[in-house]
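The same chain A turns up in both complexes below, where it pairs with chain B and then with chain C.
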Partner chain A sequence: MTDFLVLTEKILEITVLICLAGISIALILLLYRIIAGPTQADRAIALDAMGIDLMGIAGLMSILLITDKLNDVVLLIGILAFLGTLAIAKYLEKGVIIDRDN
Partner chain B sequence: MPLSVSDIVEFLGVLLILIGSIMAVISAIGIIRFPDVYTRSHAGTKSSTLAVLLTLLGALIFFWVRDSFSVRLILGIVFVFLTAPVSGHLISRAAYRARVKMSDLTVEDELGDAIRAYEEDNDDSDKEAKGDKGE
Partner chain C sequence: MLSVNLVIIIPFLIAIIIPFINKKLTRVHIGWIVLLVPAGLFIALASYIPSIASGQTFAHTIQWIPTFGVNFTTYLDGLSLIFGLLITGVGALVVHYSIYYLSSKESLNNFYIYLLLFMGAMLGVIFSDNIMVLYVFWELTSISSFLLIAFWYHRKRSREGAQKSLLITVTGGFAMLISFIMLYVITGTLSVREIIGVIPDHTDHVLFIPAMLLLLLAAFTKSAQFPFHIWLPDAMEAPTPVSAYLHSATMVKAGIYLVARFTPVFGGDAIWFWLVTGVGILTMFWGAFNAVKQMDLKALLAYSTISQLGMIMSMFGMGSAALHNGYSTDSVIYTQATFAALFHLVNHSTFKGALFMVVGIVDHEVGTRDIRKLGGLVTLMPATFTMAAIGSFSMAGIPPFNGFLSKEMFFTVALNIMELNIFNLETWGSLIPILGWVASVLTFVYCLIIVFKTFLGPYQEEKLERPAHEAPVGMLTGPGVLSLFVVGIFFFPNILGDYLLRPAMNGIFPEFVEGLGVEIHAWHGFELELFMTIAIVVLGTLLFVTLRYWKGIYNLFPETWTFNTLYNFALHQLEEKSYPVTRFYMTGFLHDYLVYIYLFFVVVIGGTLSYTGAFSFDISDNVPISRYEWIIVMVMMVAAVSILFAKSRLTAIILNGVLGYSIAVLFVLFRAPDLALTQLVIETVTTVLFLVCYYFLPEWKKEDAPRRSKTSNAIISIGVGTVFTTVALAVQNGKLFETISGYFENAYELAGGENIVNAILGDFRAFDTMLEVVVLVIAGIGVYTLIKLKPGKEDKNVEDQ
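On to the complex of A and B.
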């Protein structure tokens, strides 16, 4: 029974490591799309997905290191990725990011 | 007694994290394999959002079991849930207005038809508009 309890202690760590490996594979695939994307919009979509996956990596690292100091980082990555995607989309659509008053 | 309640709840969090990681890999494969900007945005927006929602929910459950309930993770979950579809919509609209080609498998373009009809209605006179309506 103690073996089983030791296994349950280890399952969390093993699963977090497997999930880090999976998200790393996803990031490498997204990096391929960023390099080889035929249009700029493909690259923008892949960058947006990379930002979202980085939020997942920050959450996994906070579990692995058993600290709750990284939760600010999760929120901050989300806000910065949204603002960056907004700026890229507006540049692709109009050519300017901040409109001038007439 | 082999398992306490906190262990079972922690297993639930671990399961959510694992499903979230699998969803992230599926989303990346979709972004690689789909033929088109719009289908890629479909894959990238929805399943990446679901992946990060499941991962952050698992982290929230983990910290909840460890007696430190984190409001910032809930704020992060709500923020991603609100903003990820908006950014996908903005990039798809920018791509359409920059006239990015659709794939050859596309059979219908209702937005393009609507835009062309609107421009014809605004450019031509009323008489031709009535003629178009008659046809």
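On to the complex of A and C.
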């Protein structure tokens, strides 16, 4: 029984590490896109995707560190990445972020 | 008896109430009220004469700052009594004279307030025993004389003269302050008497000579000695009563008082002897030489004052030689010089005060002081002429006036000093009587100029502003009384000598028990001194008669080669040169200031750390760096470097966002969820705000700074980064004691919170949190006001401030 538990723990840890490695590669590629990206929209989308990746990292870290304290972080990144992308999108579209009341 | 402290304070008190009295008593000239002050003080001080003459001294202390030893201590001995009587006596005569001299249209309030301030300050200088208090009063004399010189402040030359005198005398004042501090360091006391008592043990102290030199600088600037004499002729822009009072009898003698008072401290030293004597004799010659060429009577008197002050100074210098070997019957003879100096000091105050007042009368009655326009006033102003003649001939050193006595004594001591075999006197000593004699000849010439060019010769009414007539009696009283003294001292010099000068000698030579002072004789046989005087008269008359033939030698000196030119040049250059220096580093560009700040950081912090050897790294204790941390740090480094090369604003903003989010991930990795949350929110808000701002900014342009500036920027930024990193690493290494974080682990028991971070923020250290909230509130209000409040049209330049 304990052997099984140890094995699953090992599998889980290896999985998490593989996931983290994958996300890290994704982060670096996204960073390349942000720097190279021919248009600003490319960069904005890359940043958005980066936010999702960070959510993943935070989630995986909470598994790795065996804590539930990072769940808030995951949710917050979700909201903020959305808001940030929205702001950049509006900036690219209209040039302003907060419209004046007419 | 009246306490001496009170004598000092009374003029200040009266100065305060002068405007109120003036308002109430509109019909009485305010000068009459003021006159009571010096007259009363003179009587009060004169009542001390018998006890001083019998060898008593009076000290009285009022505590001021006792913890620092600064107390308002007055000390009345023979020396200060002489000065006190001069200040109050001449002061009373000057005030009386000014009542007639100044019309009631002038701002009399100001005049008498300044004059009383000056009088009180001057009394403070001479009676103070505490050197710090002495310094306070010393600066007060500088300031009040500045105010008096610029009394007619609408005239440009008055303002210039006042500025010049203030700059020079205050420079000396600061030197004096430093010297006093040094004296305190040497002796550990602030009292002059105590310093005199302990100074023999400290003469080899390293600060002894610097203190002496700085003290002499103060004395020379105040007493208009060569080459600091240049302020005195320019101070003649003051009203004549001021010139008579400050620039003949009192303020210019403050330096002399200082030398006399500190002779027991520094006297006996070769440097002191040669500086005081040498500068004095040089000043005597230079003043007399320049006085002859002056066309303005007051300027002539100013230079003659310089010359006479030099003579007094040199005699004090010669007298100090007596202290060299301590008390012995041989050295007593040199104390004669000091006695002669004190005697001439009194004499000079009498005749120079009278002469200034006479010149003032002439100016007042005919409207000019130019000797080329004056002449033939003898029959029109007989009384004025008499006083001018008495004053001038006394100054020239002719019997039966007191100047004769002091000049004879001067020659005696100057001849005596040559026989002294110390201080290299055998080689240079003969210069003293020679220079003194030449100066005396020139003195005789300019004294003849005063009398003959002003009062004799043709009367040129067409050149005068007003036809000449005799002055009112009130104006003649002041010079009249002084002239009486001039003659009186000649006939009864020993009254003055016994009652005032001898006690004063005791103060200057405390170790000398007897034999101080001499009997003053008008006639002492056919000595060399007498022949010198006869030669002066003969040669002086000859020179005066042939004045127009040899006056050309003054043109031999280039007009621009004067100390005035040097002073103006220095002042001008100081302004001229300091402007480019300031402009050189105060460029007005933020970039440059940042460079200074960062360079300072690199040089000072980095330099200190490497100098003290604080860079010692030991990373063996550190937790190993995990792979995730490496990856995040790599991402951050790439993003951070890329910002520098970003082509557009949005790229820079997005890269900045990457940085911020990566930091949040680092917080996650380091198990700080609260920080990660906050960091994420703040980063997002910042990014949005950047976007808001950038909408209003012009297109992102590539910086076209020169390559050199770019390179230096790069070097500086790398330097700052390196220093900062090394500091952080070094700090990490220098853990001296345990952290206190263990305490906060009891957060649940102590504060009832499981979240330690929040317990710290809201409970353990809530004070910080409160103030940070205040910071946010202030920032919010600031942003709101910046956006909402627009400057109105009339205050358009608000932003330029």
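In this text, the second predicted complex is superposed on the first by the 96 of 102 C-alpha atoms of A that agree within 3 Å, B and C clash if a C-alpha of one lies under 4 Å from a C-alpha of the other, contacts with A are read in each partner's own complex, and residues count from 1 in each chain.
Quick note on the criterion: contacts are C-beta pairs under 8 Å (C-beta built on N, C-alpha and C of every residue); 3 or more make two chains touch, one makes a residue touch a chain.
These figures come from a predicted structure and were not determined experimentally.
Contact with chain B, but none with chain C, is seen for A:22 once the two complexes are overlaid on the shared chain. In the superposition on chain A, contact is made by A:33 with chain B only, not with chain C. Number of chain A residues touched is higher for B, counting chain B against chain C.
Look at A:88: by the touch rule set out above, it reaches both chain B and chain C.
In the superposition on chain A, A:72 makes contact with both chain B and chain C.
In the superposed model, A:80 lies in contact with chain C only, and not with chain B. Look at A:4: by the touch rule set out above, it reaches chain B but stays clear of chain C. Contact with chain B, but none with chain C, is seen for A:45 once the two complexes are overlaid on the shared chain. By the touch criterion stated above, A:98 is placed in contact with chain C alone, chain B being left untouched.
Chain A uses residues 27, 40, 44, 46, 72, 88, 92 to touch chain B in one structure and chain C in the other.
Across the complex, chain A is touched by residues 628, 631, 634-635, 638-639, 642, 648, 650-651, 654-655, 657-658, 661, 664-665, 668-669, 671, 673, 676-677, 680-681, 683-684, 687-688, 691-692, 695 of chain C. Across the interface of their complex, chain B is touched by residues 1, 4-5, 8, 11-12, 15-16, 18-19, 22-23, 25-27, 29-30, 32-33, 39-42, 44-46, 48-49, 52-53, 55-56, 59-60, 62-63, 66, 68, 71-72, 74-75, 78-79, 81-82, 85-86, 88-90, 92-93 of chain A. Residue ranges on chain A touching chain C, taken from their complex, read 20, 24, 27-28, 31, 34-35, 40, 43-44, 46-47, 50-51, 54, 57-58, 61, 65, 67, 69-70, 72-73, 76-77, 80, 83-84, 87-88, 91-92, 95-98. By the touch criterion given at the top, residues 2-3, 7, 10-11, 14, 17-18, 20-22, 24-25, 27-29, 31-32, 37, 40-41, 44-45, 48-49, 51-52, 55-56, 58-59, 62-63, 66, 68, 70, 72-73, 75-76, 79-80, 83-84, 86-88, 90-95, 97-98, 100 of chain B touch chain A in their complex.
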